[in-house]
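These are the structures, in structure tokens.
After this come two complexes, each holding chain A, first together with chain B and then together with chain C.
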Partner chain A sequence: MTKISIPIGPQHPLLKEPLSMKVDISGERVLGGSLRLGYVHRGIERLAQKRNYVQNVHLIERICGICSHIHTTTYCHGVESLLKVEVPMRAYYLRALMCELERIHSHLLWLGILAKHVGLDTIFMHVWHDRELALDIMEEITGGRVLHGANQIGGVRFELDEAQVAMIRAGVEKLHTQVEGVLDVIENEPALIARTRGVAPVSADMIKKYCVVGPIARASGVDVDMRRDNPIPPYDQMEFSVVTLPDGDALARTLVRVYETRESILLCERILRDIPDGPVSTRVPRKVPAGEVIVRSEAPRGELFYYLRSDGTDKPARLKIRTPTLAALCLLPEQMSAIQVADIPVVLAGVDLCVACADR
Partner chain B sequence: MIEGLFYLLLFPGLVFQVVCGLAYEWLDRKLLALFQRRVGPPWYQPLVDMIKLFSKEDLLPEGVNERIAGLLPLLSLSSVLTAGLYVPIAGFSLYAFEGDLIVISFLMSIPTLAYYMAGILSKGIYSLLGGGRSLLQYFSYEVPFLISLIGPAVMAGSWSVEGIMTSQYLLGPFILYQPLGFILAFVGLIGKLKRDPLDIPSASSEVVGGSLTEYTGSKLALWHLVMNMQAVVGIFLLINLYLGRSGMSNPIIAIIIFIVECMVIMGMLSATSAVFARLRIDQLAGVGWRILVPLALAQLAFVILMGV
Partner chain C sequence: MDQTNIESLCHKLKSQLDCTFDLYTEIRNDDTFVISPDQLKVVVAMINEHFNGIHLSTITAQQREANAEVIEVMYSFFQGVGFSLMISLPTKAPEVTSIVSIIPGADFYEREVAEMFGVKFTGRRETPPLLLPDDWDQAPPFIRNEVNND
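Then we have the complex of A and B:
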């Protein structure tokens, strides 16, 4: 059979964000692939150096449309560490609540996309319907579904009242039943299992070689989770389990994310139970003392890394962001061999690309 | 002459089949929406989609033979229309003759071959992939489908759909004797129509639009129409061969029963679309040749032995 090269992207029904892949195929077999990135590069790291720390919160929120909150949380935590201010515990808990809601909505969104790619539109529709619950909660408490504007340096910009807590409790409980139902379907749907089991397995060695993080690493049995390994408060006081599976194939990547969603729902309930009273923010100076800091946090897709250097002015001297998708992208060409054309969507979905994060 | 034109253009010819095809598409989309907690389109949506497509500019890639590319959907349309003339509707049959089952099954496979040709002709990479896949899929579902059509014919001792129906009039619906054959014919029909669990040749996440990626405007509209009308003819054929005609001599009751049977099959088709994930082409070939064909042969052997 002759070798032909099919373009996937920058515009393709498979992709929700622009990314270009050239995949060499022969018949239905995939021989290899190469990547081209940079379609949504906005120069955010450079822009951040031109704006002051307060403005940067809003700039950084716009890095990603799915995990916008974890970006600002990580950034604010970095600036707060440089300032050495005491952030109220209640603010940390509220941030964590938003982080977990974000993880739930990110994982459900991803699950819907995977289901759509393997032709299970029913799961796609149902899961995205359930995801609305998480979005509704976020809208109720912060006013935004995608961009929340929830964080500020020194705390958060929203407070919960009794009615809102009741609404979140009810919403989270409903999410719990829905996710259990979805899990039941995924564990038992024979066609879905046939499409994902054994597809593009990634070994733990490969994960370590490419420094892949997050659910993909955990699906290959690599036990990393920044919430536990390098916790930002309040995760150092919380009880939760890190889900790992040994197989490393597309099915394991699917199941890890759904189990994590369930774990996040439990975490939301615990946060609501344990949240202390008190103020939600504290006043901070505009200028940040000279110094540098590294912050690592667990975004829905894995470890998010921020390096922040201050020269004593009100603008950062350098802000470096490394998103979890970048490592996963490097793994992608490796996975594009010994699979079939029909597996390309499954492999691409399994990576859970966030191109906007990776390009910044 | 005028009578012939009426049959050809109005009922059971062009207009009736187009209306049925559009109704099928709407019902399918509406049912699927109900399964998926959506609202679904209003009843006129397929019609306005078609009008819109016909009003669009008709473009083809450079170097594609426009005459052949335009001829392929027309060829499929005419073969499906002709097949529709021979399939009895609610027990009403115009041009029945001994052997029309073979003619119908032949005419019904022309659109698939034309679809393959369209993919090869279009010169696009995705079209090429989609075309190749449609042929592979054809080899997987067509054999069990045809064997499961032979079952009723052997049982009735007749190669005409009308003869099979008359035989069911006496013996009762063949689905009671050959439930397996009915299921296989149903699966084959899904494969033929490239519907959801078996939409391998046109899976958007894998091959964008399949063979029809490069088609636009009126030609694309014709292709969609062909698919819908093929579905209608397939459903009618399935009902005639397996569900038969109950002992009703009143034509109105017969029509009502026929419509109910159509709805039941529609519901089954939509439910199958909603519940199952798409198979890979190698998995389909495996299922087709390792499971469906032996099952179909076993069913056929059972029918032949029962007749002896």
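Then we have the complex of A and C:
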């Protein structure tokens, strides 16, 4: 049968962000594909060299509209490591609270997109309704739903009063109930299971070869999570489960993310229970001593890597950012081989693309 | 993997390859070893074999202000703890063997370094640009030279 190349993107209803793919098909069979990034490449690493450390907190927050907080958390932790300042433990807990809320909203956003792609609009609408709860909490405590401006070098820029803590507890409790309901539907919905079970399975060996991280790796049985393996405080003091599943197919990638959402809700409850009293920030000098640091953290999509070098001035000499989506995209052409054309949306959704993150 | 394992790996590499394997102590968190570019591929292959598949976090390149004649390329791995390999390439003709045949996940990282720093990775297929426009005709954006030196 004749081989045909179909372009998908950079503007396409299937894609939420610009990305160009060429998919080779023969009949209904996909033979492979290739990728082109760069449509939202803003040169952020280069821009960061022209701004001071404080300005860069706000620049880096704009890398991504979904996981903006984990970017600033990782960056601030790197700068604080070079400064050798002691950040108040309360600030670490507040950062972690935002990180987990971000993970919840990111996973629910993704689940809604998957449901939409497989034609389950009811799940899509329910899940995005539930996601609003997480966004509402973040808006209440930081003032921002997408860009939070929560972090500063030396701590955080917000404090919680008793009324806010009560509001977060009530919101998280409601989220817990809603997510349990969603999980019940997903585990038992025949249409969703039929569209995802056995689709584009990825073995643990392939995950290792392609250096894939995060929920995709965990859905293939690779037990890796930077919150546990290379923790930034307060994760080194917290107990939580790292969810893994053995199958590596689209259903496993779905379930892993929903189980992780539940685990993040439990973590939010633990953070609110254990958060210590004290200041939320400490004063830091504007100039950072010469030195280099590598920081790894767990973003909603997996390992986030920052390398930072200071030459002793108030601007970084080099900032390198590797986002988890870039690692996952490397595997995508392989995943695209030997699937049906109708499964392309499911496979794409399974990657949980964040093109803005990958492009930087 | 813990610190002891890194030390045993270093010992193994030194004894089997007879290569320079100097500790670079400036980077916090990751142990970083400076190696010769021509030994990169064989060292990566041995590390990969040692761990039965190693996780490459990323490849970072930079050109330091103090020594613009050199582009440093750093391969950062994670296997329970983070560690990195660092090589230095001449800015005038930066070229090193690709490790994609050993770690396919290095593909996008190599392409990014190639575009942003002009490093040529040999022994791999030619690919179109990953991030920069197809008609980009200026110097690599991260290279400090008369065009970009601002």
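As a working rule, the second predicted complex is superposed on the first by the 360 of 360 C-alpha atoms of A that agree within 3 Å, B and C clash if a C-alpha of one lies under 4 Å from a C-alpha of the other, contacts with A are read in each partner's own complex, and residues count from 1 in each chain.
The working rule: a residue touches a chain if its C-beta (ideal position, glycine included) is under 8 Å from a C-beta of that chain, and two chains touch if they have at least 3 such contacts.
These numbers were taken from a predicted model, which means no experiment stands behind them.
Undergrad: Applying the document's definition of touch, where does A:Leu266 land relative to chain B and chain C: first, second, both, or neither?
TA: neither
Undergrad: I'd like to know which partner A:Leu183 touches here: chain B for first, chain C for second, both or neither.
TA: neither
Undergrad: Just checking: does A:Leu326 make contact with chain B only, chain C only, both, or neither of them? Give me first, second, both or neither.
TA: So A:Leu326 only meets chain C here.
Undergrad: What is the contact status of A:Ala194 with respect to chain B (first) and chain C (second): first, second, both, or neither?
TA: So A:Ala194 only meets chain B here.
Undergrad: With both structures superposed, pick whichever of chain B and chain C touches the larger number of chain A residues.
TA: C
Undergrad: One more residue to check, A:Glu292. First (chain B), second (chain C), both or neither?
TA: second
Undergrad: Please work out whether A:Leu120 is in contact with chain B alone, chain C alone, both, or neither, and reply first, second, both or neither.
TA: Once the two structures are laid over each other on A, A:Leu120 reaches chain B alone.
Undergrad: Should A:Glu303 be classified as contacting the first partner (chain B), the second (chain C), both, or neither?
TA: second
Undergrad: Based on the superposed arrangement, let me know which partner A:Leu147 touches: chain B (first), chain C (second), both, or neither?
TA: neither
Undergrad: Could you pull out which chain B residues touch chain A in their complex?
TA: Against chain A, chain B makes touches at 32, 35-38, 125-126, 128-129, 132-133, 196-197, 199-200, 203-208, 273-283.
Undergrad: Okay, in this complex, where on chain A does chain B touch?
TA: Residues 4, 6-7, 12-14, 25, 27-28, 115-122, 124-126, 129, 189, 191-192, 194-195, 340-345.
Undergrad: Given the complex with chain C, which residues does chain A contribute to the contact?
TA: Per the touch definition, chain A meets chain C at residues 36-38, 41, 43, 45-46, 81-82, 205, 208-213, 224, 229-230, 291-296, 303, 305, 307, 309, 311, 317-318, 320, 322, 326-327, 329-331, 359.
Undergrad: With touch defined as at the start, can you tell me which chain C residues reach chain A in the complex?
TA: Where chain C meets chain A, its residues are 26-30, 53-58, 60, 62, 64-65, 74, 76, 78, 80-82, 84, 103-109, 128-133, 141-142.
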